Structure formats: structure tokens, C-alpha cells
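Both complexes shown next keep chain A, but they swap its partner, so chain B is in the first and chain C is in the second.
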Partner chain A sequence: MTGVDTERSAAATVAGQRLALLRRPERPVHLLVTVVLVLFALFALPSLMSLYYTGYMTLVAIYSIVTLGLGLLVGRVGLYSLGQGAILQIGAWTAARLLFATAQPFPIVIIEAGLVTMLIGGLIALPAIRLRGLYLALITLMLAGAFTVVLATVNFPNGGGGFTGYNGQQSHIPPIRRPSFAGTDAAYYRFAVVVAVIMFILVYAHLRTRPGRAWAAIRQSEPAALAAGINITFYKLWAWGLAAFITGVAGGVLAGRDVYLYSINFTTQDSIILLAVALMGGVYSLWGAVIAALLMQLLPAFLQNLGLSYAWLYILFGIGVLQVLTTAPAGLVDQFPKDMKKLGGLIMKLVRHA
Partner chain B sequence: MLEITDLTVRYGGVTSLDGMSLTFEKGTCGLIGPNGAGKTTFFNVLSGFVRPASGAVRAFGADLLTMAHYRRARWGLRRTFQTEQAIEELSVYDNVAMISSSLRGGARRADALAAIEFVGGGLSPLAKVGTLGAGQRRLVEVARAVAGQPRLILLDEPAAGLPDSETAHLASVIRGIPEHTGALTVLVDHDMSLVSAVCETTAVLDFGRLIASGPTAAVLRDEHVMRAYLGTAEVL
Partner chain C sequence: MPSWSELEQFLVSGLALGGVYALSGVGLVVLYRATGVLYLAFGAVGALGAFLAYEMLQASAPQWAAWIVCILFGGLVTLLYGMIFGPALAGRDPLVRAVATLGLTLILFGAMELLWPPTSGATRAISLPTDNGGFTVFGLQVTWTQVIALGSGVVLTIGTGWFLRYTKLGTAMRAMANDRVITATLGVPVRRVEAAAWFGCGILAGFAGLLLADLVQLEPATLTFLVISSLAAALIGQLRSIAVTFAAGIVIGVIHDLLTPFSALTNYRDMTPFVLAVIALLWASRHRTVVTRSREEA
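Moving on to the complex of A and B:
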């Protein structure tokens, strides 16, 4: 018995050493770059941007949370949702209603909006999660369509009475309030970035621990996941709930950004565009979500600034998705550095020949 | 102890297991038979992927068939697959630590690392499985199977497609499983040298029926077994 015990304790020491190895950050350079970029976005960018771009960069921060949730579903678990636009609207609606109805602090309200959205999203997911691929995409697209119709009927709250909080007036409607510490556009942009960073950390923490392992196993092989004791329905529901929560929070931030919400600004098409840009950005990487949000919100702003119609983007996105599906499954975030390297090599070759 | 009573599985008109009754006592037991004999079907019944038409399975006093399939891992059931199913995008450590068990926190981590240590083969816990070769991926699967205090380990052709040197290492690992974990191990393989090197007892399936069982050496010499594998003299 003592022999076994000594062996065990020796094994435990080795295990302790290995554990120290495991706790070291995996890629310190990446971490450093991320921190620098976040600090730049928070402190340097607002003073460099015009009011026009500050508004759009706020949208980028908000939509990066939405595409993060969608990327989680598509890339990590293999659930194709075409209804994330509707989920975002549920979050925005809930937050707006709560902001008019209560005097709670803004951060509390957006967390509540996230939780309500998670609940509603979870109810939708219970039947939907049993479907796969095309069928799930169709069901969620119909959800998005249905929600657009519902919104057109009940409208976003504008400070009126009753459950919907809509009073039908077109003028003199009170604005949706912003947090007391982030009233100006620049301050609100910073607030949106901070919320986005927190959401990214939340998702990252999930990916690095047990749910992340379970999702990776489910995506590669459901039999292997089952044999390892992973409850597939539960973990799919978890992924769906997490995506709905962060999207709901994003909806809350969107309500404060827009100040006046109109149902006409939200279309079913948004949900489809969301999936397109998420795929183009790259669904296997967290950075892909940021690129997707830049594509969806900053690119139209650029075009508009140049006086071009942003309808061109729909053609561009269509081509982009085709390209991703045929040649670059990991999206721009993976493909762009490779292409740049190739281009660099080509230029070097030309220079040497000349 | 694993007791199987009158187990029958039908896929449409095909009877894959036909009233199989068998007891595995302890240690490492072999289960062999020609292709289509029902070996993998038997494993799939134990894993909960296939619902049998009739029969009972009792393992160490528990009724396996009434347990939800994802709960069986927590109970102590482990299996590896014919086509290796290590999760490519995770590290070796994460692949092993994902097994559901009653261990928590530090004990769980130490157990996962001990399992990686046990299978050897120069596996680094931090290596991504996608970068490993076929032999090492098999070892990752075996490490997952011995982690988290297993009671019953099912190995489905672990040596399939491996070169001889790696099969030899795998054999020594499998031989060490009962002592390392105390679990009952059932090995399905076509490699008779592996089966005779590793298993004290062996059972033989043919067309879903048990045709022989007992000490491995005796079973492999059995006339019925030879006939099942090689055919009869008249056919030749």
C-alpha cells in the first residue's frame, strides 16, 4: 500500500509541474497586441474620429458582439442561425422598455435585456435545436421574418403607456436615456467598446473551459462527445443561450446608441447580412467577429461618405460569401495574412528581377 | 463483472446480434469474430447508440440499458472508436480532461495528466491533436478512456492501421490498464497477435451468436472458431 502511495505522490508532483505549464498564457504576443488595440480603440480613436465615424464605430462595437454570438453558433457548434437580427431586436426592445419604465442604472438594464433575450431565445431554441443545417437556418429565418411583422405592429417603446410603451406620436417623443457617465457620443462609444470587450472575455472564458471542449467535441463528432459523457442537447442549448444573452446585451447598447428606435430600421435582411459577414470575417476566430462588424457597419459608412450607394455592398457580400465557402472556410481573418504574405513574396520576386 | 443476457439487435430485417449471452469477469477480455459478426453493434448497445430489441446488460450491479447514454461516462463507461475520434482542434490535455467524471478541480487535472503519462508515446499535454500522427491520436483516445476512474473500458480495434512497432507499444499500454485503473477492459480487434498478447480470456462472435469463449489460447485453437474465420474444408 505504501509503495502505491509514494508512487501516487510522485505522480502528483509531476502533475503539479505540468499544471504550471498549462497555466501559462498560450500566446503572450497575441495577448499584448489585443491589449494595445483595445487601449487604442478606447483612448486614441475617439479624438481622431469625426462625429460621423464615432457613431458608426459605436455600431461596429455593438455588432461585433452580435457577430461574436453568431460566430460562436456557426463556428464552434455548427448551428446556422439566420435569426440573430431578430434576437438583437428583442434585446433592443426589452432594454428600451425597461429604460422608459424604470430608473435602474443603464448597465443593469442591458444585463436584464440580455437575460430576457436569453430566455426568449431559449424557448425558441428548445424545438429549433433539434434541427440541423438548412432546417435550422430556415426556421430561424422565419422567426426573423415573423419578428419584423410583430415589431411593425407593436413598434418600439417611445415612452408611452401600457405593455408596449408606444403612444403613436411622431413628434415630441422622449429620447431613450443613456448612462449618466456616457451621455456624449464619444463617451457612449467608449462605453460600447467596454461592453464589447467584456462580452468577448465572457465568450473566451467559455471557449477555454469545459463548454468550449464540449462544443469542439460536438462539432467534430457527436458519437465521441456522447461517449465522453457530453449531453449534446444541453451544450447546444448553452451555446444558443450564451449567444442570445450577448446579442440581447448588444441590443440594449444599440437602444442607447440610436436614442430613437423605429421598427422600419430593422429588416429581416439584416439577419441574412449578419450571417454573410460573419462567414466572411471568419467564424473560427474571435477576431473574425470584429472584422465582420467592420464589414457590416464601417464599409457602408465609407461608401456613403464617398457618395456611393451602399447597395453595392450586397453584391460584394454575395461574392465574398461564395469565396469563403469555396476557398477560404476560415474567413478573412485567416486568409488576409496569407494573401499578404503571398503578395509580399511576389513583390520581392519582381523587385529582385528588376 | 459484465453480464449480458439474451441480447438481440435487429436493423430492419437484419439480425445483428442474435440472443447473445456472455459474462466478462475481470481483467482484459477479447471479443473477436469475422466482419459483420456484431462486435461493434455490441459496443454500440453498451454506449447507448443502439437500442436492443430484447435482452439485459448488467455491469457491476447496474442496469446499463436504462441509463441515459451521456450519463454512462460518468458512471464509468469508456470507449474508443474504430475510426479514431480524438478532437483535432483541442490539446491532448483538453481531449483527456473532457471526459465526464466525478472528479473535480485539482484531482481532475492530476488524473488527466496521469492518464497522459500512463499511455506514454511521447505525448505532450499541450500539443494540439490535429498536429499528431495516427498512432499518437490512438493513444490520446486510450488516455481519455483510462481517465476519470473508469469501470468498463471498450476498445474497438485500437490497433487498426498502425505499424507493428506502435501496435507493440499499444499492447503494453492495454496490458497495463487493469492494474492502472482496476477497470474491466473489453478489446475488439482483428490482430490475433495483439489479442493473444493482451487478453486472458476471449469470446468469439459469428453472425451475432456466441460460438466460443474461454482462455484465449484455447479459444483460438477451437475448431468452430477456425471454421468461422477460414471456412470449412468442403468449401475449400
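Moving on to the complex of A and C:
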């Protein structure tokens, strides 16, 4: 009897420790800063921005979810995916189709889009996950390429009938509907931010609990993780499914943001650029995902405002990728504060000498 | 169902396209075996070279000079990249090194978009002098460019195979594919051998870029991402076998073009390389034959 009791109390202690681990924020100051920033983005920013930047900041919120998923795969589990662009397209397509076909509330639809994307992503991953490293990255690139070809033929739904919901002859294309509570651009921006925050919390909760520890073990060493009794395939699939789910949700929000979706706007290079910015932002930190999204969506808006060609972006991202891979593997989110500290030290030194 | 006479012409163009895929795939495999780098900028380098050639032709430079510039450009850029980033990333995972070449791809792609922005009116094109001449075989019109494309694929595959097998440099490359450290210990000038591999691969990239600009289209995105088709051929050859890569390249090119007259499939023909490569990869993983360079797992 006593033996069982000890076991039970030991289990309770472990459970309690786990809960405590989840509950206690690592650094309260960081949490406070995060909350303030989110509140600022939600309430102050929309009234400060022009309509032009509101549209782009909505994209930033959406793509931060996508880069969050990619960062999770690359940074936490060590799975490089060159197919996240295609996953996003699947989410957007599914959401658009459901929005035209049903009268379900918008939030339900984007969750459904996420689940469908997770299912399709999982089906793709099931055989592919056996491959490692380079081969997994290449097979995702191939699948993304194939999917782009399919999408170019099938097109996004535009209110037509049938399974694809596309009608090429239609003269009046109905817009994709938005949630009733977020019809205007500013309100829709807030909606996108809220969705992004929920997705970040979802991933954070995963990282702080059992799956997060399993992923960390897998990334360090697969044989060691296996020896520790971790089901590698299961947890890899879990990471893949989670990333596909949140990317699918992001696709749903993107459908409502763009209102009209055209397959010509989605290309194979999207997936490559996604990996580039995710690496530049930093894949080992959740903030890296936000920085990556800012790089990918806000920077083009600035360039356009300055009258510079979009092509500079490709060059910048190319240089960024090479720089990150050779000298700063943790990305901007890690490098920038260090550089600032160095710069500060340098200035202090100069001031003291002067 | 289109009749045979409709398919015939597509067979010819498919063989030509397949020849270029094959020679690109062989270039990728040789570089991967010698240096461990999967060179994803292969298409972008060739594309930028082709644009340079186009610009020289617009300035009415002699044609042979334009072709040489295109091919040499490919070789030099690739060599430069290999010399700078090869050593910097030498100890890293093959995946990281492949992703780094994506960085070069983006830089070159951006440069092309910047210097040659999309035109609304007339499309740019390169036409080789071999386009006009040609001959008829079994009632089929064949241009010399198509002959060169397929022929260079065949010649380069056999030549590379011979080179790797019988020359000193080729033997050194094969040795490095097995173990770089031991090869260096045996007194092989590893860096010089690598430089030769980079340069050779770059020359092939320039050559392939020129042919593809003529056979397909002179457009940055198309040419840059055609590397994925050649990559598919290389993957079917498991980044190891030159002969299989060659065969895969030809098959991909032929199937791609033969699908053109089928109205139900014509829109999906660009999927050919992806589908074949995915099938090959999955088949290989089932049979656990995905073998890579030494001490790597796949």
C-alpha cells in the first residue's frame, strides 16, 4: 500500500512541477514588455497608421504566424521545410472555399482551414518524415513546386460551383467575406493580431511542456532522444502538424485580408523567401518570427514608399541568408542586441576618452 | 487522344529539353560529390549569364563573344562563391550548405529583376544561330540547337564519367566524395580540386542557361527555378549516379513535352519533375538506399 502511495505522491509532485513550469513565466519583465507591445499593436497602432500601412501590418501579423511555424520546425526540431508557402496556400484555399460554400462564422472557418491543412500536411509528412535533413528539405521543395502548378490550374475559389468553386467566365467576382465584427481594415488588423497572439500562446505552451522538451531532445541528438524513450516519429509529426495547423489558420486570415485571391500571386519563390526571412529573424526565439514577418511584409511597403524596386528585397534577403548562416546562426533577434551593446560600449569608451 | 504524328514533334523538343536537364543534373551531382554542396544557384547563375549575353547582342557585339561571356560568367561566379563560402561552411551540415546557395540564388535573382525588369511589350529572347539550320529525319524537323542540347547532354555525361574514372583530378574528386580528411592526408590538394569542381559546375551552369534561354524562355524566374527540374533528375540519381541522373533528365524532359498535346494534362505537365522526384525519394527511403557522402545520414 505504501509503495503505491509513494508512487502516487511522486506522480503528483511531478505533475505539480510540470504545472509550475508552465505557469511561471521565465522572466516577468519580458512578459510585461510583451503584453505592453501587444496592447500597443492592438489599440494604439491602428489610429497611428495610414490605411496603406494598416494593410501591410495585417500581413505582418499573418506572416508572423507562418514564420512562427517555420521557426518551430527549423529551430526547435531541426526540420527544414521549403514548402511552407504551399501549406499557406492550402490554408487560404480551404478557407476561401468554406467561406463561399457555408455561412459558418469566420473564426470557425479559419480553425477548420487549419485542421484541413494539418490533415493534408500530415499526409504529406507521414512518408516524408522518414527522410532527414537535406532530403526532407528537397522533397518539401518538390511538393511545393507541384502544388503551385496545381493551384495555377485549379485557381482560388471565386464563388463558382463544384469542388473547386472557380468560375472563369464570371464577370462579377464576389469578395471573400470577413467576420461581421471586423469588416473594416483597421478592425480586421486587430482581428489578425488577436489570432496571431493566440497562435503564439499555443506554440509557447507546447514549447514549455512535454512536446517542447521532446523536440529539444530530438534536435540535440536523435539517438539520444530515442534512448530516452522519446517516440521520434510521433513528436516530429506533432511538430509538423502544429506548424501546418497554425500556417493553415494564417492562410484563412490571409484569405479574409486579401478579399480576392489570385493564384498568380503565389509562387515557388515564396517558400524560399519564407525560409530566408525565418533564418534572418532567428529561429531559436519566438520574437524572431515577428522580426521575420516585419522583414518580409513591412520592408517591401517601405521600399515602395521610397520608390525603390522590389528586387532590392531579394538581394537583401540573399545577403542576409549568407550572413546568418556564416556568422550569426541565431539571427537578427540575437545579433541586434549584441551589436547594440557593442556599439554602446564603443561610444562609452569614446566618451570616456574624450 | 492525339495521334502519333502530333506527338512526334514534342518527342524531339522533349529530348532536347531532357538533354539540358541531364547535363545540369550531372553538373549538380559532380559538385555535390566533390564538395558536398548541393548548388541550388545553378539556374540563377545560368540565367544571369544568358541575360548578359542578351545585353551584349543588343549592343551588337559578336555572337561568339556573347556565348563565351555567358559560359565564363557562370564559371567565375560559381568559383568565387565556392572560394568564399566553401571554406566558411565546410564543417556544416549539407543542408545548411545547400540553403546558403539559396542565398546566392536570391541575390542573383534580385539583380536580374532589378536590371531587366519585366517588359510589358516585346519579350526578350535569345536565338542561337543553330536555330535556323537543321535537317529532317523520319519526316521530323530537327534544329541544330536541339541536336546540341541532346548531344551535349550525352557527351558531357560520358565525358564526366570517363573523367571521374580515368584522370588524376577525377580520382581525387571521387576520393574526396568518400572522405575529405583522409584525401587531404594522402597529399591531394583538396582546395584546388574543389576549385576545379566549382569552376566546372559553373561552366555547365552557364552553358545550360544559354541553351534553356533559347529552348524555353529568357525570363528570370523561369530560368532560375528550372534548376528544380534538374535537381529532380539529380535526386532520382540519388545525388550519386551520373548514369541514372542522365536517364532521369531525359525521361523528365520527354514526359514533360509529350504531355503538352493532351488537353486534360497539359496544364499539369510542369509537375513532371516534382512528381517523379518525390516518387523516387520515397521509393529510395523505403528501400533505405538513400546513401550520401561519408558519415551522413539521410
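In this text, the second predicted complex is superposed on the first by the 327 of 354 C-alpha atoms of A that agree within 3 Å, B and C clash if a C-alpha of one lies under 4 Å from a C-alpha of the other, contacts with A are read in each partner's own complex, and residues count from 1 in each chain.
Just so it is clear, a residue touches a chain if its C-beta (ideal position, glycine included) is under 8 Å from a C-beta of that chain, and two chains touch if they have at least 3 such contacts.
If you're wondering where the values come from, they're calculated on a predicted model, not measured in any experiment.
Novice: Check the residue A:132 against both partner chains and state whether it touches chain B (first), chain C (second), both, or neither.
Specialist: Second partner only.
Novice: Go through the superposed model and pick first if A:216 touches only chain B, second if only chain C, both, or neither.
Specialist: first
Novice: Which partner chains sit in contact with A:197 here, chain B, chain C, both or neither? Use first/second/both/neither.
Specialist: neither
Novice: Kindly classify A:303 by the partners it touches after superposition: chain B alone (first), chain C alone (second), both, or neither?
Specialist: A:303: touches no partner chain.
Novice: Tell me the contact category for A:173 with respect to chain B and chain C: first, second, both or neither.
Specialist: In the superposition, A:173 touches no partner, neither chain B nor chain C.
Novice: In the superposed model, which partner reaches more residues of chain A, chain B or chain C?
Specialist: Higher number of touched chain A residues: C.
Novice: Going by the contact rule set out at the top, does A:231 touch chain B (first), chain C (second), both, or neither?
Specialist: first
Novice: With both complexes overlaid on chain A, does A:187 touch chain B (first), chain C (second), both or neither?
Specialist: neither
Novice: Go through chain A and flag every residue that touches chain B in one model and chain C in the other.
Specialist: none
Novice: Over in the complex, which chain C residues touch chain A? Could you list them?
Specialist: Going by the criterion above, the answer is residues 38, 85, 88-89, 92-96, 98-100, 102-114, 117, 221, 225, 228, 231-232, 235, 267-268, 270-271, 273-275, 277-278, 281-282, 285, 290, 292, 296-298.
Novice: Which residues of chain B touch chain A once you look at their complex with the stated criterion?
Specialist: My answer: residues 47-49, 69-74, 78-79, 81, 85-90, 93-94, 97-101, 106, 109-110, 113-114, 117, 125-126, 144.
Novice: Considering the complex alone, what residue numbers of chain A touch chain B?
Specialist: Residues 11-12, 14-16, 18-19, 21-22, 210, 213-214, 216-217, 220-221, 223-224, 226-232 of chain A touch chain B in their complex.
Novice: Which of the residues in chain A come into contact with chain C in the complex?
Specialist: 80, 127-128, 130-135, 137-139, 141-143, 145-146, 149-150, 152-153, 267-269, 272-273, 275-276, 279, 309-322, 325-326
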